[in-house]
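Should a chain be cited, it is by its letter among A, B, C and D, assigned in written order, with residues numbered from 1 in that chain.
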Amino acid sequence: MSRIGVFTCHCGENIAGTVDCPKVAELTRQIPGVVHSVDYKYMCSDPGQTLIKEAIKEHKLDGVVVAACSPRMHEPTFRKAAAEAGVNPYLCEMANLREHCSWVHEKNEATTQKAADLVRIMVEKVKHDTPLTPIKVPVTKTALVVGGGIAGIQTALDIANAGHQVVLVEKSPSIGGHMSQLSETFPTLDCSQCILTPRMVEAAQHPNIKLMTYSEVEKVDGFIGNFKVTVRKKAKKVDEKACTGCGLCVTKCPNKKIPDEFNEGLAFRPAIYVPFPQAVPNKPTIDTANCTYFKNGKCGVCSKVCPTGAIRYDQEDELITMDIGAIVMATGFKLMQTDKFPEYGYGKYKDVIDGMQFERLASASGPTAGVIKRPSDGKEPETVVFIACSGSRDRAKGVPYCSKICCMYTAKHTMLYKHKVHHGQAYVFYMDIRSAGKDYDEFVRRAIEEDEAKYIRGRVSRIYEEDGKLIVKGADTLMNGEPVEIKADMVVLATAVQSQDRSEDLAQTLHISYDKYGFFAEAHPKLRPVETNTAGIFLAGACQAPRDIPETVAQGSAAGAKVAALFSQDELTREPIVAVVNRQAPPLFSTCTGCFLCQTACPYQAIEQEEIKDRSGRVIKTVAKVNPGLCQGCGTCVAFCRTKAIDLAGFSNEQLFAELMTL
Amino acid sequence: MSSASHHAPHADTLAARVKAATGISLAQCYQCGKCAAGCPVSEEMDLTPCQVLRLLQYGQDKYDERAMRSAGIWLCLSCETCSTRCPQEVEIPKIMDVVRAEALKRGIAHPKSKDILAFHRAFLDSVEQTGRLYEIGLVANYKLRSGHFLKDVMLAPKMYVRGKLGLLPHMIKGTAAVKRIFKRTLGSKG
Amino acid sequence: MRIGYYPGCSLLGSSREFNESVKAVCEAIGLELVEVPDWNCCGASSAHVLDHELSVALPAKILAQAEAAGLTEVLAPCAACYSRLIGAYSELEKNPDHKTRVSEIIEMPYTGAVKVVNVLEVLERFADVIQAKAVQPFARKVACYYGCLLVRPPKVVNFDRPEDPQVMDQLAAKVGATPIDWPFKTECCGAAFSVTRTDLVAKLCGKIVDSAVKLQAEALVVACPMCHSNLDMRRPETNAALGKDLQIPVLFLTQVIGLAMGIEPKKLGIQRHMVPVAFNAPTGAQA
Amino acid sequence: MSEQFEPKITAFVCNWCTYAGADLTGTSRIKYQPNVRVLRVPCTGRIDFMLIMKAFERGADGVMISGCHPNDCHYTSGNYHARRRWMVFRDLMDFMGIDTERVTFSWVSAAEGAKWGALVNEVTDKIRALGPNTEQKQLVGLGVE
């Protein structure tokens, strides 16, 4: 039989004003198992706490109910006091006589009766409480950052600068992401390469950062602080250590007509290539799908010319497994393809390009050295039409959301265009101008007022080619929908920002949630924007939703800070309110039937499958097992389990039923 | 203030009728103008398609009436260019059908609708009577209804010579059943 | 092989040559056409302007007749009829409870057992046969004109690409023609306004014909009687509106295919067009 | 009837939203009827059918279940599961002869102190009007556990 003490607080007049506290103490003293019950003016005061501690010792109490204010207020206070007196803190509970009783009811018998009932409920709970100890898990202080765009670079640098190890995994041959392709950036029009390249180099040279380019995450096991990650290092067919980056192979490769991804198909590259001059690492990769040697065994020129013998045609993919404490996803976005636009020609008009292609045309390092030339015939376009919301905010054929960055980059494009083609005229068809950011709307106004971009509010219905011009048929909704037709030399579509290809697969590999568009889901849209629902996995940049660079960098740093905070501890301490699947000897018997309903219900992927084997190693059955590192203690699994094999510590079935028995 | 009550929206708006008849909510339209931009006849219309929708969005008699009195609604060809491209999946031709029907019912259809209606009525007459279209009958009937007598007669001989005009109607066996279909649908609505 | 056939009113009157050429080509490729018994008019573009229910009931009656005759698929060569039939079919599939109501109106059971197909869809199935039989290639540059009704609304017809469709071009190419890539394939020709707003039709057709000629097409190819009559019969008004004298002929796709197969021009109704088909050798050999 | 029937109401509330909301009712000194006994659970997702049936078996005349608003669940989806399960429970309750009116599902956030007060009054009045839970007797002995 338990020895429980009940301590009823007056809270000055706050409780005692409506509740007859001495009577509550008296009524509750009669509850079986209660061996001590007193009331006092201010329980949370020092003398109040001392009173409790002494009572624990004097009456050898093994459970405590403090009938006072809300547990949200003082539960930690009294649990600490109980612990100091030698009672497991989880055997101390509070009955909420103030917020839930004295403050909300009149002074009368019913109110006092309710107060006594509230105490009764908690006494029964305490009787069924079990001592719990906070869960401790060790932390491996190495972070994995997936994706080497500006988000990933920023995160990696911040974590590395906090003194922790980082592995930065990038799937393409160089880090840099989309930002490396941009010409100049809003809202300040500074050169993208100029601000990005130093960071890329810093990341590559940082002693705490291990760069793995041309690599992808293959498998993730484990949980916060203790992930085991397998990365596939794809074969570049070039020995990175031996290669000096002299570039001879690249110049000599005879196979030069491969559409250049970095230049968005506006230029060509050879089969052995460095994606762009400032690439990090600045060493080539063989594109085996397009290399003659890999297609028919002929050629081999690169190998012949390489002065250091760095070409390795027989190099294989490598699988590397490592221990990781935290993961940051920074895999970015992709743009909707122009062939997704039937009314704009299914991508067949060469001079209908997307925003990224325009960036390349405007970039000093681009295929035209920054001179604006249209792709079809290299002429300077004198009229350029920009179409905002191409595929965005289009639930019929595109995506319903706003891509957020295109209003701004379109304004930027009109400016860059005007700065380069002084006599040119830019038109923008738009629906709304979304430029909510520091200096953003001013920037758009500048495009309109100083660089004379003509903004027309309406969507374009159709584009077709006639007499060497692109006929753009729009309407002006500020003029009652009056049809507007513009004969353009080039059209730039601000195509929708979408999640990366196969982002759902990646999310499943990592057990993180994603939204219906394939963007990774944050744990809470306002209060936990860089965390995922899976403890220890964080998000940065455009893999979560469309973002511009300032936001991406802010989020990268935020994710970095979260990781650094996590790594500031050697062990993680967590509330022991977690689910457990019952296990009873001999040997490891469980009532779990292995239905795994709990697994489907758990929002945190905390439930794993475990095989129970007999002595000879034969699998008797497969049962559920909760990973206490991942479980957040919501209890959803408990409600789902039909055999009551899984239960939640601190809010067990037994406890809740006991509470109900007092009614 | 006096006009406020006059403008107060009520449940029996044209938008509500559109919703009931077609399931389309006028609120879907975000006034991007893409419909007007692609419509082959919007230049001829006094109200462009998106403008018609805008008027209905107010949900007020005054604007509903403006839409119904418009000539433009009678020009819609039901070519579906607008609905094929509308990003918000608004089926404008169906809405036009409802607006026209309401305009007729309330007797406020634009005078220019006369010829167009005359044609459709003449066409349906032919179908109601014979079960099929009787082209010469249609032309004659249309001319009677619209008063434009000479417009197409010039073509008729050419068509006749090329075997394109039958002088006698094709009567189908089930004409009585077809007549009853007309009665149950068109007829029942007065 | 056999398939239900709904010629529709135009094919008995102003577009006889379409009927004639469809029948001739189908015979040549071995497809038997079984006419829907005692079919009625589909209501064309008039019924829906005046009454929605009527515009569903008339096509439903046709499909119910086909169903009663044991047909499972009906070919409606006229694009306007096709559009009305498939529109009604799709609406009734979406709201199955309306089937009961419509059955009452038409006094026959309607279950939705009969599918509706257009002429391009059917010919596409025989593309290889057609190619094999094209003994006299129609070696001309053609502008394939689809109009509005074959491909729109995309969710209802579910056929080809709604903008820049391809099937007719591919079929024309199979018989030796060179289809031009042009932007007016699906621009509306003015459809049912032929009589009431001839001025509008002339204007809309003007853009279409002008563009085809500019891009050096020698013939316009269509698969819809309405398109045909607007582009062919309304040519004088169209030319007047353009201030030009364009004599590009307008052929039905089935006529093009028929000519290439060596079917006698008369059997295909070539002589019935207003704008004369003035190819020196009607077999398609270049003059 | 001299004495009016005072219903017993059991409320299962989540720790993060409704429990905090009910605290706010107190801090705001909003008065409500004293018939409710609150049981705190981490999340509405934790509440299973057995708990509700047990409450009825123990003589509750009404049961309230309240948690975070949709999309605001502290545990992201627990409240969603709870709601989905409720659809199934309802039929089951019906089957067991309990008036489904006796169960109230609601969302009360941590900021909705006034709402909690009003809700308790509303439910108390409703259950008082429904009368005592006589169906309970059928449950006792059924061994709901």
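Throughout what follows, contacts are C-beta pairs under 8 Å (C-beta built on N, C-alpha and C of every residue); 3 or more make two chains touch, one makes a residue touch a chain.
Everything numeric in this text was worked out from a predicted model, so none of it was measured.
Student: Looking at A-D and A-B, which pair shares more C-beta contacts?
Tutor: Ranking A-D and A-B by C-beta contacts puts A-D first.
Student: I'd like to verify one number: the distance from the centre of chain A to the centre of chain D, where each centre is the average of its C-alpha atoms, in whole angstrom.
Tutor: Going by mean C-alpha positions, chain A sits 35 Å from chain D.
Student: What is the distance in Å between the mean C-alpha positions of chain A and chain B?
Tutor: Taking the average C-alpha coordinate of chain A and of chain B, the gap between them is 53 Å.
Student: In angstrom, rounded to a whole number, how far apart do the mean CA points of chain C and chain D lie?
Tutor: Their C-alpha centroids are separated by 65 Å.
Student: With centres defined as the mean C-alpha position, give me the chain B-chain C separation in Å.
Tutor: Centre-to-centre distance between chain B and chain C: 23 Å.
Student: Can you tell me which residues of chain B touch two or more of the remaining chains?
Tutor: Within chain B, the residues that touch at least two other chains are 81.
Student: Residue numbers in chain A touching 2 or more other chains?
Tutor: 343, 462 - these are the residues of chain A that touch more than one other chain.
Student: Which residue numbers or ranges of chain C touch two or more of the other chains?
Tutor: Correct list: 162-163.
Student: Graph of touching chains, which shape: line, ring, star, complete, other?
Tutor: other
Student: Every pair of chains that touch: which are they?
Tutor: All touching pairs, sorted by chain label, are A-B, A-C, A-D, B-C.
Student: Can you name the residues of chain D that touch chain A in the complex?
Tutor: 6, 8, 10, 19-20, 22-27, 29-34, 37-43, 45-51, 54-55, 58-60, 74-78, 81-82, 85, 117, 145
Student: Any idea which chain C residues touch chain B in the complex?
Tutor: Per the touch definition, chain C meets chain B at residues 9-10, 12-16, 38-41, 43-54, 57-58, 61, 104-107, 148, 152-154, 162-163, 186-188, 190-193, 195-198, 200, 204, 233, 271-274.
Student: Taking the complex as given, what residues does chain A use to touch chain D?
Tutor: 70-73, 96, 98-101, 103-106, 110-111, 114, 117-118, 121, 513, 523, 533, 577, 601, 603-604, 632-636, 638-640, 648, 651, 653, 656-657, 659-661, 663
Student: For the complex, which residues does chain A have touching chain C?
Tutor: For this pair, the touching residues of chain A are 342-343, 345-346, 348, 462, 464-467, 471.
Student: Inside the complex, what are the residues of chain B that reach chain A?
Tutor: By the definition above, chain B touches chain A via 30-39, 42-43, 47-51, 81, 85-89.
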